[in-house]
Every structure is written in structure tokens, then in C-alpha cells.
Amino acid sequence: MAATVTAVNATLLGGVLGPVALTLVAVVLPAAVAGILPRLLRVGLVVALPLAISVLVVNLFFFPSGASVLFRIGPVTATAEGLAYAIETLVRLVAITGALVLFYLTTPIGSLVVDLERRGVSARVAFVVSASVRTVPAVIERAGQIADAQRARGLDTEGSLWRRVRGLVPLVGPVLLGSIGEVEERAMALEARGFSRPGRRSLLWAPADSDAERIARWLMVLSVPLLVVAGLTGWLA
Amino acid sequence: MIEVAVEELVHTYPGGVRALDGVTLRVEAGESVALVGQNGSGKSTLVRHLNGLLRPTSGQVLVGGADASGRRVAELAAQVGLVFQEPDRQIFAGSVRGEVEFGPRNVGLRGEALEAAVRAALEAVGLAGAESTNPYDLGASRRKLLAVASVLAMGTPVLVLDEPTTGQDRVGVARIRQVVADARAAGRTVIAVSHDLRFVADVFERVVVLRAGRVVLDAAPERAFAAENWETLRGTGLEPPMAAVIASRLGLETVATEDALVAALAARAA
Amino acid sequence: MLRLEAVSYRYAGAQAPSVVKVSLVLGPGEVVGLVGANEAGKTTTCLVAAGLAPRAMGGDLSGQVTVGGRRLADLPSGEVAAVVGIAFASAQLSGICSTVYEEVAFGPMNLGLPRNEVMARTVRALEAVAIGDLAARDPAHLSGGQRQLVVLAGLLAMEPEHLVLDEPTAHLDPVGTGLVGTAITRLAAGGASILIAEHKTDLLAAICGRVVALDHGRVVLEGAAESMLADPKLERLGVDPPTSVRLRRLAVAAGVDPGRLEVAT
């Protein structure tokens, strides 16, 4: 919720100062409190950098109404207006990325899924969410085990690049087949554990929800229409 | 033919689990050794050091007298063939033959030598007529035999089998026994991890018992299963084979196998 | 009462049926063993008895499977699991539980039982197979044997009236095997009926009242466990006889009085 609100607000706030302040308050501060600021920065950088670079390049050199020239490189011209626009966009990008990464890093998937189910999302949808998140690490682990088995039969994974690429062939098959086969077996195992039974499942626990959190949530939701109104009435120009 | 050894081997997994706590063990060229112990005693962890899949946290691994630490897995695989517990983790070819060819090809066999190795391996596990069968059309236990064949064909001087008889029926177990017997006859060093003490007693000349990452007993089956060691065995969740128990109750000298028990009884009656 | 009546089943895409005219009756409190060579039809029989074949996997079924007089095929999806539980040899987990505790509680949760009941059953099941110390571990990082015990506990927690176990001790050491045997005996004492397919005839000798032998998809032998497991035909069917039977035969073959062995066991 916080992530969505931050993202939306970032878009609504004009200028540069607004989004920067928002980022500091809604992203950097909580991250620092949670002790994950370095991790946040690392992941955020990986996620946002490619996009940031393209935003910068495109706007700096190709901004349509750019007039005040900063410098030239060959056929392309960098303009001050372009730079300004690029920076505005970048700070929004940072705010949005930061918010999303913060969400990803601080929400244990288990809590998310249980909460979803508690609020009425069907068990099957909840399962799909859970399973999808757990699938990637599971497949990676399986691929590792398969690689081990093939290396034990002499497959060279440490030689030249060409050898290593060729070495992928005996890995792909078992990984794919194994994953597909496992899906089938898993479906039967779930069936055998009563997963397809109609009616609600009982849930063992629910993530704690304090009053403070609920108030904070409402404030955040309200902030969005407030900003829209403010923007429309020219307050934030 | 080569020997393998580990010295003061310690292995701690990333999660902090100390699976091996200072194991020193030497297996001579041509010896046949069974590693036994409860689930989680470190048996599988230990054998994975022999071909470099796992590297020691501390301690040394010697294969053929040379330190294994600088050598790649693919290189060690030519000397130490390891058959995994889960055949489905390695099977990738569309045919039995393709699967069995993979290993020997990787270690450099070609032409007539390759053919001969593949044929012999398939014979040994009873898959001789099934060259073009898709491995997934074989049942799970025959796929396991296929995995054994694919390592056998590599002709490695050391053969390591991880739980080879699990899930096998009578015929399958007989084949595994024959595979080990043939390997021994050819002078290969054979190491197996197993829960099946009857299989162990019948087929191996040395039993090493592991518990919580340490060696607690290392002897020939007749001595390992003697009454004086039962407490040690039970402490690791193992029961001595029935034959040994009966021999003790009848006041006979310790035997490890059922054949030996009956022979001892016959001798006494005579 | 779980009953298979002249059941034949052919997997989707297979040329020939994997089991042919198999009839089997499982009464309350009974533990019935299923033996035979690999690919003789043990797993198929288990899948049919648990209602997974053909419902979850296609294929053709003839004959019928009934539970307490009702046909399994007529039961609504999800209801079957409440009545017949099955554990596969491959020890497949749910895939979405991050602790063993949750994994074992998964079944009861699906049954919609009150929270206290779910928790009580989970604890009982963990204790039945002595894996209480694994409760907080991630099931994906357990050894094959530990996973097998977790899956079994998950099944025990559902307290089904009928239980079908396909090689439940495949990856277990003797201690684990013993635990499973004790848990099964206790369940049967509580009135559940259990079908167990296994190679370990020593285990079957200890816990089964009756044993059924399959060969190429057909029932070829059945009867009281003790006499069945001593039947000389079993070896030809690819089944290893129990230790006591083996020893007796060895003794006789060596001209030694088997009675002397019996005294010591």
C-alpha cells in the first residue's frame, strides 16, 4: 500500500523538490530504520539504472522544445530544458523504484499471502502467488543439483566459454522436464491434501495489524486525492 | 587403480550446519567400503568431497595421492565416478544409449572403446535390449539402474554409489550386488553409502559408521556387527543384522551374513 | 471399508492396462500389504485406491472403487482427500509452506477445521513420527528421508479413515522405518484401514494382517501375512522374503535344523 501511494504521489508532485522530499521521507527513512538501506540502494541501482540512463540520454539530447544549448556532441545537442525535464523525471523514477524495492525487501511473502487469503482472496490465487515467488529459487536450486550431477559425469563447467555453452545442453533437459514433472506430482499431492475442497480453509495466523498502522494507511490513501486537488488548483505549481 | 583419503575433513554448510566434524579416512586401491549411519550423519556430504562437488571447510581430500583442491570436478570425475541417489537429476538424453554414452565421452572415450564400455555397462544393469528406449518410459527403479550404468561406462578407478538399493526390487538389488562384485573383481575401489545393513554385510569388506559427522566405528563386517559394538550401532540408530544377533544368542562366533550363520551352525552340528 | 472391485486401469497414452481385474477389500483397522516386482502395478493400484486415477491423471478405469458403499468417482472433488489419504514414494511437498509445521498443518487447514483442532492435530502428527525438532525448518531443505517423514505426518494430521502408502519408507533408515511401522499400527488400532505397498517384507511381516501379491498387473496371491510371506512363489515374483523366512530356508538347505534358529529369534 505504501509503495503504491508513494508511487502515485511522486507522479503527482511537480518540480524536483517535491519528489526528493517524498523519497527521503517515504523511502530512505524507513529503509534506514529497518537497517536495509545499503541493500535497498544496491537493488534499486540494479533495477533503475538502465531506465535512468535511457531517460537521461533521450531527454538531454532530444527534448522537443529545447532551446538553451549546453554542449554539442557530433550531430546531437544537449539542452538545458532537456536536462531539467530529465532530472524531474529521474527523481520521480527514483521515488517509485525506491518505494517498490522497499516493499519487496520488507514484505515476507508468507505474510502477504496469508493476509490476502484472510481478506477473501481464494486459496488458489494465493497459492499461485506463493508458488510463483518460491518457484524461481526452487528452479535455481534444482538447476544447481542437476549441474552437480552432470559435472560428476565429466561435464566441464569451468573450461572455455564455448565448452560451457555446449555444456548447457545436458542441463536444460532435466531442469525443464524435472520442473514440469514436479508440477504434475505437486498437483496430485495438493489434491491428496484436500486442496481442491470447496469452502474456506482455516488459517493458522494473521499478520498483526495495529491501530497505528490502520491510521497510517488511511492517511496515505487520503493524501492521493488531496494532491490531485492541489495540483488541479495550481497550488503546487 | 587408486586410493582415496580424507584427513581431518570438516564441512560446514552455508546455513551453519556442521555436517562433517573432522573425519579421517583412507580407502586403499581396490578396497570396498560401506559408509553407514543415520539420515544426517554426513555420509552423502563426505562422498561429495571425493569428486570435488563439495570443497572442505578445512582438512584435506586426496584422490590418487594428489590433493583434490586444485582440481576441477570434471577432472576428478575421470577418477571418481559418483552415482547420485536421484537419477532424475541427471537424465537428459532421449534414449538409454545416449544417456550412457555421455559420461564416457566426457572423459575421452571414443570409437570402439566407447562402444565396448557402453555395451558392458548396459549388460551389467540388465538394460542391454533397451538402447533406444526413452529413459522416462522406464520405471523409476530401472532409471536408477540406468544412472548406475552411465557412471559404470566411464570406467573410473573409484566407484561411489549413494544409496544404490533404495527402492529396488529383488532383481534390481541382485543387479546392484553383481555390479559391485564385478567392479571389485576388476580391481576398482568401491565406496557405497547405504542403510541396508544386509547388503552391506554381504558385499563389502569394510564398514565405516558415521555419527554426527564423525567416524565412530571402522571395521570389517564381522567385527563391526559383533556384540561388543551393538551399543555403538544402536547409538547411531542402526540395528545389527539379524544374522549377527542370532549368532550371538546361540553363542556362536560373530558372523555378519546369513550364509555364514548357517554355515557356522552346520559346522557346530557336524 | 475401501473396496476395489475388478478394477482395471490404463494410463493415458499407454498401450496396455497397468492393472487388470484387481479386487481388494480394506476393512476398518486392517493393515494390508501390497508386494510385487517393480512395475507389477503396486503404484497404479495405490493411485486407483486413493481416487487419483483417473480423476487427477486421465486414463481409463473399469470396475469400481467404493468407500463406505459410495463410489469414489461420485464424490465431489476435494472430498476424496478427506476420506482416503495417499503418500507417494517421492515425498512431494506442497511447495508453499516455509516451515515443517505449516506443511503438516496444510492438510487440516484445507479441511477447514477449527484452528485449535488444526494445531492439536499438527502437534500429534509431528510427535507420531518423532520430527518435533524439525518443526521450524524449511521443508525444501530437508534430506529425502526427513521429507518422507514430513509428508507422512502431513497425512496423519488429516486423520483419514483410509490410508494408502506407496513405499513410505523408501528413503528411511531402520529407525525411521520403525517409526513409520509404529505410527501405522497405532492408526490401525484407532480404526483406520491402511494399504501399504513395500519391498521391505520384514516391515510388512511386523504390521500387516494380510498381504496381496501382484504380478504384471494382476493379483496372483493373497492371504494372511505370515503364510503369504513364507510362500516360496514370492521369490519368483520378485519379492524378497522376510529375514526369518530366508534364514529358515538357508538352514534347511544346509541341512541344519531351522528350529535352532527359531529358538534364538
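Read from first to last, the chains carry the letters A, B and C; within each, the first residue is number 1.
Keep this in mind: a residue touches a chain if its C-beta (ideal position, glycine included) is under 8 Å from a C-beta of that chain, and two chains touch if they have at least 3 such contacts.
This one's a predicted model, so the numbers in the text were calculated from it and none came from an experiment.
J.: Under the document's definition of touching, what chains do subunit A and subunit C have as common neighbours?
T.: Where subunit A and subunit C share a partner, that partner set is B.
J.: Between chain pairs B-C and A-B, which one is joined by a greater number of C-beta pairs in contact?
T.: Looking at B-C and A-B side by side, B-C shows more C-beta contacts.
J.: Please flag the chain sitting at the greatest distance from subunit C, going by CA centroids.
T.: Ranked by distance of C-alpha centres from subunit C, the top chain is A.
J.: Quick one: report the Å distance separating subunit A from subunit C, using the average Cα coordinate of each chain.
T.: Spacing between the chain centres: roughly 45 Å.
J.: From the C-alpha centre of subunit B to that of subunit C, how far is it in Å?
T.: That pair's centroid distance is 28 Å.
J.: Can you compute the centre-to-centre distance for subunit A and subunit B, using the mean CA position of each chain? Integer Å is fine.
T.: Averaging C-alpha atoms per chain gives centres 47 Å apart.
J.: By residue number and range, which residues of subunit B touch two or more other chains?
T.: Within subunit B, residues 86 contact more than one other chain.
J.: Once bound in the complex, which stretches of subunit B touch subunit C?
T.: 15, 38-40, 44, 85-86, 139-142, 163, 166-173, 195, 197-198, 237-239, 242-243, 245-246, 249-250, 258-259, 261-263, 265-266, 269
J.: Help me check something: in the complex, which residues belonging to subunit C touch subunit A?
T.: 50, 52, 55-57, 76-79, 81-82, 85-88, 90, 92-96, 98, 102, 105-115, 118-119, 140, 151, 154-155, 158
J.: Which residues of subunit C touch subunit B in the complex?
T.: Within the complex, subunit C touches subunit B at residues 36-39, 89, 141, 143-146, 167, 170-176, 199, 235, 238-240, 243-244, 246-247, 250-251, 253-257, 260-261, 263-265.
J.: In the complex of these two chains, what residues of subunit A are touching subunit C?
T.: 110, 113, 123, 127, 130-131, 134, 138, 141, 182, 185-204
J.: Residues of subunit A touching subunit B in their complex?
T.: Touching subunit B from subunit A are residues 142, 145-146, 148-159, 169-174, 177-178, 181.
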